[in-house]
Amino acid sequence: MRLRILALTLGLLLATVGAAWAQTTTYPIGVLIPLTGGGAAEGPFLRDAATMAVEEIHALLERVGSPVRFRLIIEDTGTSPEGGLVALESLAAAGVQIVIGPWSSGAASGLRAFANANQILVISPSSTSPALAIPDDFLYRLVTPDTLQGRAVAALLERDGFEQVLIFHRGDSYGAGMAQALKEAFEAAGNRAELLAYDPDQGDYAAEVNELARRLRQLGVEQTAVMLVAFQPDGLNILGHARLNPTLRQARWYGSKDAFSPTFFPPHAPLEIGAFMAQVQMKGFFPTPPANPVRATFEQKYRERYGQEPSPWALYMYDAAWLAALTTLVVGEYDGARARDAFPEVARLFLGASGHKLLDGNGDAAVGVYDAMVAREVDGTYAPVTFGQWESGTGTLQIFNP
Amino acid sequence: MDLTPLVVSFVTFFGIYLILALSMNLEYGLTGLPNFGKVFFYSVGAYTSAFVVSRLMLALGGASLVPWSAEAAVFREELARSEPWLAIGLFLLCLVLAALVGAALGSLLSSPALRVQDVYLALILLVVAEIARVYVRATEGFIGGPHGLGGIPNPFRFIEGAGPRGLAYAGLVLALAAGAYVLVERITHSPFGRLMKAVRDDELAAQVLGKRTHWVKAQVMAVGSALAAVAGVLYAFFTEFVGTEDFDSQLTFTVLLMVILGGAGNHRGVVAGTLIMTAIDRFTRPSFLALLGLQLPVDINYARHALIGVLLVLLILYRPQGLAPEGRVRTAAREEVRHLGVSS
Amino acid sequence: MPWEELTPSLFQGILMGSLFVLMAVGLTLTYAVSRVINFAHGELVTLGAYAAALAVNLSGLSLLPALVLGAAAGALAALTLDELIYKPLMARRASPLYLLVASIGASIILRHLIYLAADAGGWLNIKARVMVDLVGFVGYAAVTSLHLQVVPAALGLSLLLHLFLTRSRTGKAMRALAENPDLARASAIPVARLRRLAWLIAGAMAGLGGGFWAVYANIQPALGALLFLRLAAASILGGLTNVYATILGGYVVGLGENVGITLANAWAGVPLEFRTLITFAMVVLVLLFRPSGLGDLFTPGRSRRWI
Amino acid sequence: MSLLEPVPLLEVEGLTKRFGGITAVDGLTFTVAEGEWVGLIGPNGSGKSTLFSLLSGVERPDGGQIRFAGRSLVGLPPHQIARLGLVRGFQIPRLFSSMDGLENMLVAEKDHPGEGLAAALAPGPFVEAERQAARRAAWWLTAFGLAGQAPLLASELSGGQMKLLETARALMGQPRLLLLDEPAAGVAPALAQGIFQKLRRLREEQGITLLTIEHRLDLLFDHVDRVLVLHQGRLLADGPPGAIAEEPRVLEAYFGTAHWGPRREGAHP
């Protein structure tokens, strides 16, 4: 008898579990990241951020008893257009209609036509190429176009009284685009900007830094600002050489947004780099409100889980994953075309780790609240300190903390 | 499940790589010219397409836009949709132009082979490919420098629906690849093909028999490079974007692996090699494993490259002749001597 | 241009040249004794760099033992490559081109195994935490502790290698092997042992160069692959077989890229992005017109130019 | 020069070639008349093979003149020299190792109209030329006893067969002057005699001029009209075989200093 009850209970239990399992609907989300090629160092950050987001989403869905689950399929783009395209084609073959990534504009350019033709929603966390600012396509980009950051830096330079800037930038799509944006904004106000590009695949940039110093001496160290447009690996190397350069030590430096990410400061970067950045008063903008609790929570969780600081792009990837999931839930079924239609509205109401996601007519992030930051010595170490804010709507620069 | 995207992707890339592999086989497999600059000639086709299409379409449409801007790309795509014949005409023009430019550059770059041995020729062409990539990336006025150039509209843009459009283009690519196969087969099984092999086996012996071996090499490089450039055109119109990140030497090595896997000197083997390599590339991806419901303990995205490396090394160690050994040259001569009872 | 303007490029050129010498001499040595253009040589540099950086960052070793560890890692990997791949291939009488293709395969395998490990450990982009101190200035050029370590290391090891090759019996035998492998095999020279030794030396120097690189700049799994063509350039300028000319080649590449781009940029407005093109152009010219490399400059009209 | 005197087919004057410090060929002067068969002998390193390389354009002389049928050959590339009718064989056969006997023979076909890209793409008009070439190749292969071996790859032949195939291939190229470097090396003695007889018949039937290096003097002296003796790059003697065999300087140079064993592979002549 007891055995019978036990068997019955067990049967019932299995049936319930089975039913619950059968009711679970799993939607795939494609993750396109660079694991090899030029962006290889960035890929794992993005993968980890997306994984974290999906785990949080699952915890939430479980708590409310929702049967929906998401499964990430992570594909390597090799940081190339062909790699991006083939990766997306493979995802499409596996039935994926919603994709987060790719990281690089090159990969995004390679897959754009395919995404449009096959109606696959692609949410890039980081592509900034102006050539992809296209309305009515299936590619959304969560990062504000660099034209905004260019305008912000131009305003800051003007406020600091510079009429000349020497822009030292990565010779890739991001660096060239950012440099051009700043040049146009700065020269529109009657100032002068000079560009100096470097090959971002070098691994070492001492020769380029020497040339930067020489050019700066020609232009005049006093009256010319240096603007560095770099990512972390090249940026740290450049600053490491610049710190030992007598000319560049006297210059006033500005930096693109990555230069104010934690990865540029101790303990993630050498102390002497931080000291140099403080010495030259490295200034610039980070397009994310720092007081954002979503970001603080994300960063803390990321640190606990992976033992290191997330890269700046990881914030955007985290948001991309959340947005992909939310959009799917809003639509109520798995459909790339409908998700694409719903996406801008979902994004508009969303505040993520990387800030607000109001999109412009091209499907790119439009809200431009940029924190003005400067590298300072803080309690015996070095850190970026917020001293103002620039807002794209009005184009005004406010200083809180001169 | 709709398998059209997979079929389109597989067939299109198989066709493009097959053309590259066949051209490599003509040069390296049969003539002994290690063209380690294959990716350069491939990029020549892509750059030609990007350059010609962007300028011509803007000029014909009367738009004065920066060729690599987003607006220009959208303009070209719209124009291609509304004017199918213009799009198709430009595509054909690019095929012809790229083949000509490729042939000219190929025969020009065969001239180092006059002076140096094969390993040095390989290094020279490898470096030339790298020089071209760095140069184009840093030169904005050509195809947009680091940004690359989008909006190279597919000639079948007028066809509604991704599936039919993709299939139409895949069919076109496959047809051209088949044409390339017939072409290289014809060349191989001809007195000229015999001469190519003679140059590979012993160039000096061919010379003292009165053969202009340098001219043979120049012609082979011209044909091979024209084919590679055609593959580049097909690629550019498939992705509708051309950027320099695609043209590093990794691609050359992939194509070389296809040739060695299939069997250098045997075109049918090379078809098999290309097919297998394309299949390995597609079916070791996480998407495919997800389709099968497989979970692997290591990140396949890294491991699959290592696997391909292992395959290459094992192949060279244990089966250097590849899947299919090289055959004899088949010409009318063979029937003739069968009459005379020489060849058994 | 005043002389001070050139000092940074000059000093940087010497530093880079020294690093290139350390990393490229092994490529020449292995080509000389086994006729393999080892495309996996770059990965030996990467392995050395990672070994040294991880030794410093994880176990707090000081620089010198970390560098020794880097050299050991490179040497071990080099020996493994030769024993597992190149030796069996040569036993099968593979052509030089097939050896080259095999080495490309080896490079792909090693690189992606490093990727796997670096991803698992979170080391995709790291640097050895070793402080580089400023020693002083010459013109506009900073002289750092790294200069004082790398340049003597490169020159000292080159000198040691020279003494080994010219004075010791083993070294002389190695030269004989490089000069005429067939003859060496026919005579009493212990070919297998010499070959192992050459690969060990080559790997150790590459690993050491990588270790210094980890101090100098950030490293990543593709480090060696990105550097390889320029290392090969130094070796090609040395005619691929001449160790002394490779030393010269290393400095030609280092100075060419640094002083060369400074002058080209100042005088002709050549973009900085074309820095590597200077090296590549030299490679093409040398391969075209003087495939025997710069070695002939030392011994005109004589055929004694191996090692 | 009177009209009755035959015009020499090959005139060599003051030919000199140095390798580093060694003078391999040192001011060599001789002629070969049309239709003549001349033997070339000399100890190892006397410059015989270097002379062949100079004549065929493989090496460029440091001084002197080579005239072939009245035309200077100095500076011409090997393929042009071959097309003028001066075809050479190598001491170690240089066959196209991945091809069979028939293919090896067909490569040698002179002025083959099908040997162009255009012909490969539109093979029609050239098929007849290919058939003719095949017939000639079959004839030569049969003549050299290689008909049975024709389906084998060149790399699968025995050493003697390789030598035969190379000679046959050189003849396929319709030479006016044929340079043969030890055509009977590695061939069984009975067959060696046969090769020389075949060459003699050829000369009689087709009027080919021959310049032949051979170490087996007995074999050579039975057939040739004239013998040139090289020693240290210089011409030591030039005369009919009978006279050369008696020449004391030749005997001294030859048997006093030289050894007759097989040469080391790859050594410089």
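Observations on the model:
In order of appearance the chains are A, B, C and D, and numbering begins at 1 in each one.
Assume contacts are C-beta pairs under 8 Å (C-beta built on N, C-alpha and C of every residue); 3 or more make two chains touch, one makes a residue touch a chain.
What you see is a predicted model; the values in this text were computed from it and never measured.
Farthest chain from subunit A, judged by C-alpha centroids: D. Chain B has its Cα centroid nearest to the centroid of all protein Cα atoms in the structure. Inter-chain centre distance (subunit A to subunit C, centres taken as mean C-alpha positions): 36 Å. Between subunit B and subunit D the centroid-to-centroid distance comes to 44 Å (mean Cα coordinates, whole Å). Taking the mean of the C-alpha atoms as each chain's centre, subunit C and subunit D sit 48 Å apart. In subunit C, the residues that touch at least two other chains are 112, 115, 119, 271, 273, 276. In subunit D, there is no position where the chain touches two or more neighbouring chains simultaneously.
Shown for subunit A are the residues in touch with two or more other chains, namely 35-37, 171, 197, 199.
Residues 56-58, 77-83, 87-88, 90, 94-100, 102-103, 106-110, 112, 114-117, 119-121, 123, 126-127, 130-131, 133-135, 137-138, 141-142, 147-148, 150-151, 169-170, 173 of subunit D are the ones touching subunit B in the complex.
Of all residues in subunit A, only 35-37, 40-41, 43-44, 171, 196-199, 201-204, 206-208, 210-211, 213-214, 217, 232-233, 236-237, 240, 244-247, 270, 272, 306-308 touch subunit C in the complex they form. Interface residues of subunit C facing subunit A in the complex, by the touch rule stated above, are 5, 8-9, 12, 15-16, 112, 115, 119, 122, 124-125, 127, 129, 131-132, 134, 137, 140, 142, 144, 216-223, 226-227, 257-258, 261-262, 265-266, 271-273, 275-276.
Within the complex formed with subunit A, the residues of subunit B that make contact are 1, 3, 5-6, 8-9, 13, 68-70, 73-74, 134, 137-138, 140, 144-150, 154, 162, 165-166, 235, 239-243, 245-246, 281-282, 285-288, 290-291, 299, 301-302, 305. Subunit B makes touch with subunit D in their complex at residues 183, 186-187, 190-195, 197-198, 200-202, 204-213, 219, 223, 265, 326, 328-329, 331-334, 336-337, 340-344.
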